[in-house]
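Sharing a structure with you now.
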Amino acid sequence: MLTIASDFGSPYPAAMKGAILRRTDAQLVDVAHDLPRQDVRAAAFWLREVVPEFPPAVHLAVVDPGVGTERAVLAVTAGDHVLVGPDNGLLLPAARRIAQGDVQVYAVDYEDPASSTFHGRDVFAPLAAEIHEEGTGLLHSDDRFSVTSEFETVDFPAPEWHDQAVHGAVLVIDDFGNAITNVPGDALDDWFGREIRVNGERAPVRRTYAMVDPGHRLVTVGSHENVELAVNQGRGDDAFRVAVGDPVVLDRS
Amino acid sequence: MLTIASDFGSPYPAAMKGAILRRTDAQLVDVAHDLPRQDVRAAAFWLREVVPEFPPAVHLAVVDPGVGTERAVLAVTAGDHVLVGPDNGLLLPAARRIAQGDVQVYAVDYEDPASSTFHGRDVFAPLAAEIHEEGTGLLHSDDRFSVTSEFETVDFPAPEWHDQAVHGAVLVIDDFGNAITNVPGDALDDWFGREIRVNGERAPVRRTYAMVDPGHRLVTVGSHENVELAVNQGRGDDAFRVAVGDPVVLDRS
Amino acid sequence: MLTIASDFGSPYPAAMKGAILRRTDAQLVDVAHDLPRQDVRAAAFWLREVVPEFPPAVHLAVVDPGVGTERAVLAVTAGDHVLVGPDNGLLLPAARRIAQGDVQVYAVDYEDPASSTFHGRDVFAPLAAEIHEEGTGLLHSDDRFSVTSEFETVDFPAPEWHDQAVHGAVLVIDDFGNAITNVPGDALDDWFGREIRVNGERAPVRRTYAMVDPGHRLVTVGSHENVELAVNQGRGDDAFRVAVGDPVVLDRS
């Protein structure tokens, strides 16, 4: 199995699929091709949420604002999974969620292709296909691959606690308009059924959307186990007037 | 074969795919993940149009504004097909179109997952995968499944006839901007090549779009066999100034 | 393998997939379903860029503003590939890129289906499935298929050279906002690292996006080997104020 994720929109991902299927008859699964464009941190968040759901596979992920520059190319093993992509931090959060203590990062020697603008097709897709075809033994036996401890990472900022208030931020907005924060869901333990102040305004804390009327705001814990600001059948980002990176203060006093 | 449909946008469907592929090596086919958001009736219309085109399969469909509430979970057999989804009316129109007289509805006992907001991943995907893996015998042999005659349905309103006029409504707008009504196509029998009045304004009745000039309006019968308001290479909803739910009076006088 | 491309958006492509999978157990691969809507020339450009990346397959492509009219239906062999779609020029650029000297065009007799508006489902999908199932021998042995030299084509306009300036045009805008011109990339040979005048304004010529600062303009050669107008982590079409069809004068004086 070979999964593919990118911020390429359409139709460029098809060129990657073709380049893969010329080299291996893997079962291809599209993860998403509208990852937050050239936003490595937000894309890394989403990969961390969805890639670990898959059975062992080669996971190709390309959000690569540095395409064609000196940035390295990585293959990362995480248990029986392998992630392939650019060295900009994109792959590590997913790899660590899959196999906390069993992550190995390999830098990959590659030849510059003719085009400097589409390594997804010309570098990453062939590499992922080759690893799928040959198996992870390739990483140990082929001298293009070398274990490295020098690679880029992305951080998800930790929230800060001040007495009864937790000071966090919006990490990403999902397609529904839910504003997903960096505050772990257990900040709401014992708070369900009550109200909390969000950036100064009261909102009900509920276990799911339909526990408030359609169009009404709520604070809940999403499937990612973080606090999210939502509206039942509406957009939380609009109702709470927040965008990615904005501060979110949850005050339980 | 296992088809997947939802209103989840991206990238949440990938989490469902992973949850399925961890449990079964089914051939996965994406139906759509941009079904009209949290609009069960419109989503049920689209599922009725496309799901019956498939060979026998397990069809997972999740448009679920009631996620995490007491709403039931259903498995519906329709001939050799099985549909899996929430009990809100979403599945029945497709099931009945597949096998009018051979539809059986099962309520499914399930355990509440840790997250109350993503039953697509945590309840429906595992259930669809299990039915795909075990076959429909599971529905008869496992006491989590019980035949029920109590389930939600959705109605598509019937048009009304007044002399020479039929009073209908817009059911859905498709991606092209075609306004698809609830008026059966045979209302236009013998009317092709002529003009009809739509909400008071004359428009030509034609068998297909290119029978009028680009940018011009027409009334036609779509592949769903309903009357639709269209523009050749343009948007019918804009040209006829209609939205979902709006009345459409076709006057043949 | 059977690839599918269209301008159908969603969910109509699922009806095509179902119609195919009822007839053959081909591995289906989505190329794109948001090809430039009813813009045969731009869609043909994208098919030429991505379809040749695939291994031999049946490629179904439907951008068909003339659906339901007298326009013919084609099956085009290109080496070991077969392309299936409407006779409007859509298929030929891809076929010729796959196998310059080995392209054969067949006109296909077909029965008019009940609906005149969805030949994708009712004509093209069954035809592609049948060719996939029976193999290309079908094209020689079945009298529904006849070799033809009369078929529609699309042209990509050639740029014109005037002394130090090349006068081209924008062919398509991609999802990133890159404005892809008809000027071959070798027009920039020896020009990398320098500046060129684009429609009168100076812009740097670079091999890839990140060679200028984020938000800054550049002229580069894309993976399609044509000159493109771009912005690092931004939209070239906005920054250069160009749309599809607009003139682009690259002046090296």
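In order of appearance the chains are A, B and C, and numbering begins at 1 in each one.
Just so it is clear, a residue touches a chain if its C-beta (ideal position, glycine included) is under 8 Å from a C-beta of that chain, and two chains touch if they have at least 3 such contacts.
Computed from a predicted structure; not experimentally measured.
Peer 1: Both subunit A and subunit C are touched by which chains?
Peer 2: B
Peer 1: When subunit B touches subunit C, do the two copies use mostly the same residue numbers, with over half shared, or different ones?
Peer 2: Mostly different residues.
Peer 1: Could you tell me the distance, in whole angstrom, between the mean C-alpha positions of subunit B and subunit C?
Peer 2: 31
Peer 1: Taking each residue of subunit A in turn, which ones touch at least two of the other chains?
Peer 2: 30
Peer 1: Using the touch definition up top, name the residues of subunit B that touch subunit A in the complex.
Peer 2: Those residues of subunit B that touch subunit A are 8-12, 14-15, 17-19, 21-22, 28, 30, 37-38, 65-69, 115-118, 121-122.
Peer 1: Which residues of subunit C touch subunit A once you look at their complex with the stated criterion?
Peer 2: By the definition above, subunit C touches subunit A via 1, 3, 5, 29-35, 46, 49-55, 174-176, 207-211, 214, 220-223, 225, 232-233.
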